[in-house]
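Before we start, here is the structure in question, set down as structure tokens.
Going in written order, the chains are labelled A, B, C and D, and every chain counts its residues from 1.
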């Protein structure tokens, strides 16, 4: 087990170093094969580990009562601050990390495979920097795997930063393009800003825990000491416990300063940590980097900006979830942020032209679903439309949606990549009516759209249904809000689908090839992911991934179907179908309805199309305020006031010496005179004073 | 015996190198002397670390008798008219780290000035400068410390004035005068310390004895602490005495920039800690707030200034102001973790800024401009240098796995602990507030680093002539690769270095101050 | 009471000193000025003889009169165009010079007058013999002058070298 | 008539005043040098006189004069070397022409 765990992290890292250092001595083909094989091995290992975790029944992983446990596979000191604070690098295996291992390695492998075909043009000429691309992919996979298996919050922060950096490198892969460079810069800086909040949150949390914690708090960074209790008699194994979280809350409440600006310090800490999550998961108002990040190669968007990195924020909240449960205020904040973001992103997605932008906003909206789902989770019993809601359902739903979303969103992105590869443009205006030319892409894309729209039996239906149930269990207002967003989701996805594959016949320009389906390296991932998107909904998540390891449903193949809250399910199905129908009416055949809609609500359309001018606002803040009113004045102040003062000292000295140098005229007689006068005066003074 | 002590060789080797360079007849011999000498110095410092990790019982006993100073030895030099000047040497983890840093930078600096004009004179001055640096780090006697300090400063004037570029006379003069101004404060402070070093009239320059006598009255500490702190702080680029740094670095030749930003600026931080804080802990504690404000300003101020510069060296100089501000800031926290972080930051900043200056020098040597608006797309033209630049940038903005992250996180964790502890104990929230302000620098750093990387390395090629430029030569590759390996080594195995350093900040040292962590 | 011969000698010497000094600074021919200087130096040597410092008088004649004046004369011959007189002094500058000279005179005279009680007559003293002088000059004990002697010798050497270096043709 | 120290000091003083006058009024460097010698000589004489009248039997004043003479010789030699050099450069030894050594 430990060997596999180490290899899961080591193979991508070594692959990065090897491809990065020796890549240019390899042929493109071999670099691609090596990278893909490395990732394939990692994927197999991850599958083994996850399978062992979920199904082996080993006492490290599951106790007699059927509760899933947290197991620390290894944990090495990396940096000791002092006795209660040290950063360790380790490998924590629990339901969510095992699930994430599967997600990341699967998507990553698909993307590795897919890129072999995608990163070439139609004549089979490789992109320049192909080896570099694979090196970066490996680096990203390494960082993301390190992030999800983190045993402590600082390890998570470390890999969090690495993930950000590899995202920067991948977005800026086409470094000669201005837009790619500035998009990568924007992504890095926005997430960096969010990480500042994350860091301060970590510092606050760890300080209180380390300062006031006694006894079993041996390390204030470690997740297991923040949220779990050790299982008696089994080394390195822990059980998630509400008691520990309550104890931590107690530490804060009994401290010398439990409140800060009207909220408890623990809330502050958790909200600041969530801020880090907001940055990575592109929640409003830190979402602006994600649409621009689509400047990167499309496989990168599929891997990083749809399936893995952007859910890191959700994963972070889930990781510390017992603590969040202790502070409903923090959860409410998460809910509000998530709900607003979901609606916003869905509205914007309805008006975008660039297909990757549509998918990007769709991603933002879907991640917001996960956030809301976490935010509405409480452990008290509640009902939704007359049915009882399982305790901690929202958490499970969020993770479930994370899993399914990763699969179908990666599918959609890779499908979009295939389209872009075939057409050479990101705009749907250049596509239209492609269904006959690219049948495989068409079919897989349709499956993706159905999944995201939430049509039974595709994956998205089940997870979204669980989310809505959790929302109903918490608050009807949010539930209806989220249901409306789900309807919008169906609408904009099918708008996209119809505009790409229907609308009107595709015009093939003279001298160009007709668009066609792609080589097998690209098709295979599409087909696999489509298959997963169809069946993933039947994974019995309720028995595998829950917030405290206690299963809430059975583990049969049809469990999800049996446990369906049909009230909510029918509501969400109806809404989704309405959304699809509206999209069909408007976009299936070329017609004037969209134009009329657009003219009927010009302002709304304009605002949505311009993403509610968030970019302009940020542009204003950064360029006018930060650069214009802070940086430039400071630089001016430094050059003119501070430096000016120093120069003024020098100038005064200089002037003074120029002024007195006239005495040194070089005229010997003058010297004599001065000397004589001085001597006589001195003699006179001596005589007068002494005598 | 003088030559029994290993530390003396840190001064002797550079002196032998001076002789060797003076006798050299062509550039090959000069290079050979520089490379062999600096390799020997690296070997010596590595051996020192080895000895520090596995001390013989006698060595450990000797160290235990001298406040943890290894290889302690003292030779009388001049003793008359009430002046007890000794050459006293001794090293602890911090000095060893600094010695290692200096020897690495000297080694890489020699490669970076492979093709300098008038190599003989250049290397003579450069090695003289490093003699001063090494001497400063091995001595624990105020007088000899000051002497070596001056030896390290003066050659800078000639090195910049003769081999510099741009407005070099102005810059050299400014740098020298401002640093000399700092020295004036420093000398006053040191003499003041000497005359209060002992209660019974047996004055001493020896740091350990002064600390043990603990005879400087609080009133005098209030006077002498600012003197010494500002004196060293000028070299540590403390706001508002930092303005020599942008001009000086901009004009200095590559190796000098490397050595100056990489090592000499560390003399400031090291001196602040070793002299000002160590000898006058009471004043350090009471007056820390003034300097915390100043250094806290340095941190963000330097970073903000760097955001709008267009000259590569100015950007890096302001970035140094920011990073070195963080060093002094952390030292003033008077907390083991933060101070460990400060020394880590010195190591880290020394290596990565040397790397930066080396790369800037190499780029400038090819494009003949340092204006980022006139360059672009260098990644395509000189991929090796560009990749190194990106790595240096990543280290600077604190990417995990490289040294900057480790140092900054140690500082932030330590400062935050101290700040919160102060706050909870009712000691005011100044430390806390400034810690959070300092944390903001990680964002601003990202802004200016990415701005440079984006403009300089990425994007389309700006100037057609640049397309004909070549990538790095083997000596440039060796120089940068060494630095990158060191940066990554610190970043990947921080515990080794932190353990080396942490022992020095035993709370025992700061008897007068209640240390929380 | 001095002997008459002594008084006469004194008067002659004093007059020589005063007259030749004044002439040396007032004559317009530079060579003459050097000659008058020579005479003033001789007169000074006479004073030394009269005050029983015969060795010193000898040195004065040998070094000053014999060495320095000869040097000066050579310099004059090297640097002066034959027959040229120095220009006539402007009355302003002469007046200023006079003023300065008189000021020096006044200050000196005032201090002399106010210290009249110091000015005793010459006590009896034997002329220091060469043994004494030699021992004092080359001994290193108390009141002996080896170190300044050596210093002066080094200085003279430096002067010789300096003179050669400065004056030689490039 | 008692010839006391004053009798020797007054000629010496006059000699000194003459030196001062000459040094100020003369433009020719050699003439200035001559004036300088006069002043120096007068001072030498004073040493000897004070020695003889106030501290008979001791030799400090005499030795002082002795060394002063030696140093004067050295100084003169050097001064003349400089003058000759200046003459070579300027073809003149007027002191007003060598004011380039200022600043």
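By our rule, a residue touches a chain if its C-beta (ideal position, glycine included) is under 8 Å from a C-beta of that chain, and two chains touch if they have at least 3 such contacts.
If you're wondering where the values come from, they're calculated on a predicted model, not measured in any experiment.
A summary of chain positions shows that the Cα centroid lying nearest the centre of all protein Cα atoms is that of chain B.
Computed centre separation for the pair chain B/chain D is 59 angstrom, with centres defined by C-alpha atoms. Rounded to a whole number, the gap between the C-alpha centres of chain A and chain D is 94 angstrom. Computed from the mean C-alpha positions, the centre of chain C lies at a distance of 6 Å from the centre of chain D. Chain B and chain C have Cα centroids lying 64 Å from one another.
Across the assembly, chain B contributes no residue in contact with two or more other chains.
For chain D, residues touching at least two other chains, in rising order: 20, 24. For chain C, residues touching at least two other chains, in rising order: 100, 104. Contacting chain pairs in the structure are A-B, A-C, A-D, C-D. Taken in their complex, chain A has these residues touching chain B: 77-82, 85, 87, 154, 158-159, 161-162, 165, 168, 172, 175-178, 181-182, 184-185, 188-189, 192-193, 195-196, 199-200, 203-204, 206-207, 210-211, 255-257, 626-627, 630-632, 634-635, 638, 642-643, 645-646, 650. Chain D contributes residues 1-22, 24-28, 30-31, 33-35, 37-38, 41, 44-45, 48-49, 52-54, 56-60, 62-63, 65-67, 69-78, 80-85, 87-88, 93 to its touches with chain C in the complex. Those residues of chain C lying in contact with chain A across their complex are 100, 103-104, 107, 110-111, 114. Residues of chain A touching chain C in their complex: 673, 676, 680, 683-684, 687, 691. Note for the complex: chain D touches chain A at residues 20, 23-24, 32, 95-96, 98-103.
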